[in-house]
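Shared chain: chain A. Partners: chain B in the first complex, chain C in the second.
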Partner chain A sequence: MVQLTDTQLDRYSRHIILQEVGPEGQEKLMNARVLVIGAGGLGSPIALYLAAAGVGCIGIVDADVVEISNLQRQVIHFSSDMQRPKVESAAEKMRAINPDIEVNTYKIYLNASNIQEIISGYDFVLDGTDNFATKFLINDACVMAGLPFSHGGILRFDGQTMTVLPGHSSCYRCSFRQPPPPDAVPSCSQAGVLGAIAGMLGTIQAAEALKFITGAGTLLTDTLLTFDAKNMHFRRVSLKKRSDCPLCGENPTLHELEEGDRATCDLSA
Partner chain B sequence: MEIRLNGESRFIDKVTNLSVAGLLEMEQVASPEMVAVQLNGEIVDRGTYQNTMIVDRNEVDFLYFMAGG
Partner chain C sequence: MKADRFEDLSGVRCPLNYAKTKMLLSNMESGQTLEIILDDGPPIRNVPGSVQQEGHVILCQEKQGDQWNVVIKKV
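And now, the complex of A and B:
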């Protein structure tokens, strides 16, 4: 365990005062290793809040550079960051918020060959990616590795998230089975997204990570939280671990990671 | 009949033999491929939408695929 310094007691005082967190919970955060996949709309608030919370080691994965159309919602990147690698831009802000933390950057696209190595060694993973192929890949790799993670997705005025504890709770595939056919997925430059939706959903995902690490509260497992910000309507849909899930069911048919078509829904375009 | 659709009560009249496919059409779901349908807590296999019937008191949830991040 780490011993909190006076400065850390001050910095994290609003966490420490929480009965469910306390100094022990803060120390758990400082010892935790969390991986954020995607430094875009969801990854921005996730990375900012995890850094501010003092999560000791944060990995961030993204192969892209900052483009002007990102700045409407990807709040970790500034106008002066255009054309910089997103992971570099994000890491700079995270370290500026909290010099105590370690930030690992991965400027790569995740695929079936590299994901297992990258996620290993982390305690919790957050999916802030923008395409179905990678969302399913993250689900499959985390379930196979027994690694807890938070799924997140946004579109237009809507968001959805669920937390998966492999072996214990419903996984993304239990309900969604397989990526939709690429020709059914609306082109996202047509679909669009309200910028603040990314913040609404990303901060929920960040809160789940902090709850998982500290043990505070009840996680969003076996539940899909969805919202429609047009009417500010939130809903929890109960899900369950399915015995016929192709990945985590009783007779799984998926034993290896699949390589999918990543370019299905690119909100950055 | 009365069903619960996405958590809300819905009265459906003048329809007999409503299938999952029929409900998706009635609800004007533009891309059924972008929805997973949960009927009474179970995911409905895509290949059975035409012959999976919805009856009084059923609970149906449309789980939309959302890829954006």
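And now, the complex of A and C:
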């Protein structure tokens, strides 16, 4: 029995009138628990859209405070939020958009010893982080926990995203075996990023989360979606789940989470 | 013929009237009927067609004064 109040029917009417969502899909969203890792360029649109969509419980993880250089793309934070913890600033906006939702904040850096406890209890995870070490950590922890997640990354004018259903589709390590050496990859602050592409990629990730929860459409599984916003060129690259993947293959060699070097974007201010 | 459920949606604008109709249908069994009252104009022009697109059947649609009586059978 789907029970939505008149106010909820009105608030979510544009979801409810979608054939693929409907009252049942909206109820699934309202009962869903989603974790957003990073309250930055990607996390901002992700958190805003998930809150607006009525995802019942949203966790948000970020250890940083808001700095002026964030405001060019991290649209959940305002000028008046400077020096506030990002999770606090983000949670306030999410609750302002939708007072019905529950927001859990985690003002911490994720590492191999705390990630498993934080992700447990969530139905879907979104990676909105800015460094390879944490991207691999999220992949490994989610695959080990059998927890679906969306990978996302942006740099300069480029973005890439894929959705992973552990045990069913290719994981991040199937295609990218290990983090690149720290000096091989320019950090966001070294390379720059066009602010709006954070919105382009983050909203794709948010859409994947909403599709996963409601069951609408098909996900970006076994597919890396990349775009080059300079020429507005989009591309889908087919990926395969690899039997020799060290994490999710037939004879995995990775059984424990690795502590990586997170400092690829240490000039993030 | 008396429908299994009845809802007066007069004065309820588009698309909330359709959202409410979907909500009611989702809580009914297949084969049950829902009678709704819709305003003339956009509501009667939009709601029955949308209901049919989702596979439900419009059993009857009658004008009574400024409003419409619509009976829907859930697919």
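Assume the second predicted complex is superposed on the first by the 263 of 269 C-alpha atoms of A that agree within 3 Å, B and C clash if a C-alpha of one lies under 4 Å from a C-alpha of the other, contacts with A are read in each partner's own complex, and residues count from 1 in each chain.
The rule we apply is simple: contacts are C-beta pairs under 8 Å (C-beta built on N, C-alpha and C of every residue); 3 or more make two chains touch, one makes a residue touch a chain.
Small disclaimer: the values here were computed from a predicted structure and weren't measured.
Engineer: Taking the superposition on A as described, I'd like to know which of chain B and chain C A:17 touches: first, second, both or neither.
Structural biologist: In the superposition, A:17 contacts chain C only.
Engineer: Examine A:184 and indicate which partner it touches, taking first as chain B and second as chain C; both and neither are also allowed.
Structural biologist: After superposing on A, A:184 lies in contact with chain B but is clear of chain C.
Engineer: Touch check for A:41: first (chain B), second (chain C), both, or neither?
Structural biologist: First partner only.
Engineer: For A:199, is the partner it touches chain B (first), chain C (second), both, or none of the two (neither)?
Structural biologist: neither
Engineer: For A:56, decide between first (touching chain B), second (touching chain C), both and neither.
Structural biologist: neither
Engineer: First (chain B), second (chain C), both or neither: which does A:153 touch?
Structural biologist: first
Engineer: Between chain C and chain B, which one touches more residues of chain A when both complexes sit on the common chain A?
Structural biologist: Comparing touch counts on chain A for chain B and chain C gives B.
Engineer: Per the contact definition in the header, classify A:166: touching chain B only (first), chain C only (second), both, or neither.
Structural biologist: Neither: A:166 stays clear of chain B and chain C.
Engineer: Intersection of chain A residues contacting chain B with those contacting chain C?
Structural biologist: No residue sits in both footprints.
Engineer: Which stretch or stretches of chain B touch chain A in the complex?
Structural biologist: Touching chain A from chain B are residues 6-7, 31, 33-34, 36, 38, 41-43, 46, 61, 63-69.
Engineer: In the complex of these two chains, what residues of chain A are touching chain B?
Structural biologist: Within the complex, chain A contacts chain B at residues 38, 40-43, 127-132, 135, 152-155, 158-160, 174-177, 179-181, 184-186, 188, 191, 193, 198, 224, 226, 235, 237-240, 242, 264-265, 267.
Engineer: Sort out for me which residues of chain C touch chain A in the complex.
Structural biologist: 15-16, 18-20, 22-23, 26-27, 50, 53-54
Engineer: Could you please specify the touching residues of chain A with respect to chain C in the complex?
Structural biologist: Interface residues on chain A, with respect to chain C: 1-2, 4, 9-10, 12-14, 16-17, 19, 22-24.
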